[in-house]
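Shared between the two complexes below is chain A, which has chain B as its partner in the first and chain C in the second.
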Partner chain A sequence: MDFTPAIVAFCCENSAYRAADTAGARQEGYPSNISICRLPCSGKLEVIHILKAFEEGADGVFVFACHPDSCRFLLGNVRAGKRIEHTAALLEKIGIEKERLRFFYLSELEWTQFLDLVRQGNESIKSLGPSPIKVKP
Partner chain B sequence: MDSSPKIGVFLCTCGHMMNDYFDTRALLASAAKEPGVSSVDEGGFLCTKSGLEWLKIKIARSGCERVVIAGCSPHQHELKFRQAIEEAGLNRSLMTIANLREGCVWVCRDKKECLPKAERMLKAAIHRVALAKPVDMVQARMSSSALIIGAGESGVRIALELHRLGIQPLVIDSQPRPEGEREAFLPTPCTLLGTGGSGSGQDIGGQRHDFSALLKELSHKKIELLTSTEVREVAGGVGAFRVVLDTQGRERLVEVGSIVVASGSRLEDGANLAKLGSYSRIVSLGRLQKMIEAEPERLERMMITAERRAKHVCFILGGPRGEKSLLAPFVKRASIMALNQAILLRRRFKAEVAIVASDIIVCGAGLEDLYRLARQSGVLFFRTPESRPPQVSLEKGVIKIRVYDSALADCIRESASGEDDGGYPVLIQADLLALEDEVLPSLGTETLQSILRVDLAGISSFYQGNIHLKPNLSNRRGVFVVGSCHGVEDGGEMLSDIRSVAMAVFSLLSRPNLAVEQKVVINTDKCALCLTCIRTCPHRAIEFGEVKAGQKWGARVIPQACQGCGICAGECPAKAIEMVQYSDDQIFSELTL
Partner chain C sequence: MIVAEQKDIAEIIPMTEGYQNILVIGCDTCVTVCLAGGAKEVAILACSLRLAARARGKKVQVDEISIERQCEKEFVDSLQSTVRGHDLLISMGCGIGVQTIAEQFPNLPVVPALNTKLLGLPERQGVWVERCQACGQCILDKTGGICPISRCSKSLLNGPCGGSQNGKCEINKEIDCGWHLIYERLKSLGRLGCLEEIMPAKDWSRSRDGGPRKVIREDMCL
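The block that comes next holds the complex of A and B.
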């Protein structure tokens, strides 16, 4: 089956956004179906933003936060982690597989890990198929 | 719609590099169809001086009210472009960058994928900028004065340094008399083998300084010093902290631009902590240092016991209770002091010296040589596994130390099949035992922390920002930490610490007014005063009070203290807080797939 999932990656501008920039600058290439949304801190990400992404037709949402203990704003990444857990439970309730929402810790320098994560993530979303709310009756 | 703002889209082709990947005209043609777009154009290098001039002229000619720049990552030239559009007469926040270079053309393996992705990204940026709101610039008044908490070595030095830079310092101390010996220092290696080098911070940067001379300089320069004074309350933010001071019951309100915490640290005597009873032959490293310097005869007598003529001294490093010290600076401090004393005891007193430690840290200029010198002069080292700390017992006036040496165990196990329980047992008999002191934050540190509302690090000394990004900065803008209240350091490190803090305070307060963006706005009609934002703000940039004179109470942002992380906006249950450049609608507009 030839299916290209739509994936939104929420990236903290202090870490993963910069890692994505470096990954781009190295011209290694990663799936072009991943759209990056820049955030000032992963702590800014709200539940509604993730739900809205699914509503708009995303098949998967990735959230990248700084590593524990290295958030520039102390605990923004921890807050994001908790919110992701909560959102995953909400998604399950409305019939969206919680595997479609992935949360990763990443530092600014880990651009190779960024590549690995988005490539693997893309494959796993691909194997899940299109998002159930996208298939209209 | 006619009322929608006119948007100008400017594509930077990065010196025609983009043309290799997609048809730029096709991209701009599709962008021009988006609602609100009034002009589209492309240029070669927008980031150059001529490129920015070109941009300004284009903005003025086309009369656009919002700008989308499609080019490289915002991390490259965002500030430059914001300044340019500000010079063209637009508000700095009415701009969005579409990251087509790092985010699109360099990402797609297949060139055919480039154009659709670029179109999608540009469309998202156009939608985003259409919803942009202008950011207000606030002029924050910066008072050129600083409050220094703690009149120890570092506190007095920073007061003098700030005075030199033209900032009015006010020094307070909770004790009735300022003391220089309130800080735990690493002894500097250059002074170690001389007669000086007490390790108490009197030798700094190679010069011998007298603390009373520093105090004299303080009064000579008419720097106010309030003793027996504590901080009761801190309100406001950087540039205008309102601090209530309490001097033995008399309260006084001062307004300062910055607060420097130099509350120092204290030492807990290692010999008391070991809980072996008061036995004069068990001493702490600090006490031993003083005895070597001041009472050599008494030390000599102490080392000679009735039974044996040879003098045996043993050092146990690691936590005073036998456990390993938690932090490297403490291990380093004890290592340097013990190595120095061991060499002196070998040379001057001809004593047999053993050092028992699970870890020795000798990083730093000249310290590796110190370790080598100790080895060469015949000091014995026993390395214990962390799982089996040394056991000390007193038997008929002789101190017996049972040690399990892991290095020895490795050697012996090769020849004979020994026990493999981590460490070969060794019994050391000593006439004198020296133990490590524990470095603790000064009394009242936690109270001070809760009043200042800054965070503490693991060992309850003051948290210091990332050493590479923001050394000496606390999590609250305008509050700095200096000296041993945030960790043990040597004299030279303390001096550079003081200078960097002084420069940071100076650069913050040197201008009477500071223009800052109002990054976050609070809708007071929605604010229920639940205090969630006040609790979650990592920089203590939100306070509550009367929003307008005589009107309802609510939370308000201190713009000069805000660093724009958006955590408050993410947490606010009433959704009363909005980030000007990351509003919900703007984030949603980027999600159109």
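The block that comes next holds the complex of A and C.
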């Protein structure tokens, strides 16, 4: 089946968003089906943002936070990590595979890793197929 | 404040089976502060229920609202126009909120999304601890402001018991011995003499043993 997943990537503006920007400036392409959503800090991400992304039709959600001990707001990435864990468990109970939600640590310099992660992530969401929310209207 | 926690979504979903138009109602008071049933949690639960229904191939309307206090009829009454058209109400208030809604809307089923846990305070971020059991006869004046009913595992009035070890309770080493805390507090206040007084058996009829309780202020009754 020819399936192009809709993926939302929530990126901290102090790390992954800059890495994505660098990748773009170097004209290194990443899958166009990935929509980047800029966050002031990964700790700003709430459970409801992830659920809404799925409700609005996302097949996968990626969250990029700064590396441990590198958050400008000290614990934003720790909070994000805990929320992702909580949300993944919730998704599973709702009936959405938790593998559709991915969490990564990244620094602004790691633009090649950003490309690798979104390309690999895109493939893994493709292999999962469309979100069960979309399959059964 | 009243501290509650949300039921597992796997327990809530079956309560909604067979209903098409659901209203999730939050409470902006105690359960908002303890992160269990405020507007934020209402949005998450409503969205979760919509997603769960769609994942099972069903289409369910789940609306959301949060009111100032679910435990007062005047505030619950403000829902009159909002509940119209819904066939199930989910309360994210404490047990009092659920019952107030049930009383105000006798023709609509109401189900609880929370488990009401205790009367207490936030000890630190994400942790709430019990401080009162609403026993109906406060003795905090005699115990240095530390409640033996809620903080002693046995609710002893003349403690500590033999299970107090190094300031901890025998039922769990994580739990402070309430009577040890009382002793230390009275010592620091220079009031250890309070412990010489033997407290008589408590009148538990003022607590739950007397059946459902009621407070009446004649001067305020109209």
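Here is the rule we go by: the second predicted complex is superposed on the first by the 135 of 137 C-alpha atoms of A that agree within 3 Å, B and C clash if a C-alpha of one lies under 4 Å from a C-alpha of the other, contacts with A are read in each partner's own complex, and residues count from 1 in each chain.
In this text, a residue touches a chain if its C-beta (ideal position, glycine included) is under 8 Å from a C-beta of that chain, and two chains touch if they have at least 3 such contacts.
Keep in mind that what you see is a predicted model, and the values were worked out from it rather than measured.
In the superposition on chain A, contact is made by A:Leu45 with chain B only, not with chain C. Once the two complexes are overlaid on the shared chain, A:Ile133 sits against chain C while remaining clear of chain B.
More residues of chain A are in touch with B than with the other of chain B and chain C.
In the overlay built on the shared chain, the residue A:Ser35 is in contact with chain B alone; chain C does not reach it. Of the two partner chains, neither chain B nor chain C is touched by A:Leu109. Touch criterion met: A:Leu90 reaches chain C, while chain B stays clear of it. Counting contacts as defined above, chain A residues 46, 48, 52 meet chain B in one complex and chain C in the other.
Against chain A, in their complex, chain B makes its touches with residues 73-75, 99, 101-104, 106-110, 113-114, 117, 120-121, 124, 455, 466, 469, 475, 536, 538-539, 563-567, 569-571, 579, 582, 584, 587-588, 590-593. Remark: chain A residues 46-48, 51-52, 54-55, 90, 93-96, 132-133, 136-137 touch chain C in the complex.
The part of chain C that touches chain A in the complex is made up of residues 8-10, 13, 40, 43-44, 47-48, 50-52, 54-57, 59. Against chain B, in their complex, chain A makes its touches with residues 6, 8, 13, 17-18, 20-21, 23-25, 27, 29-30, 32, 35-41, 43-46, 48-49, 52-53, 56-58, 70, 72-76, 79, 83.
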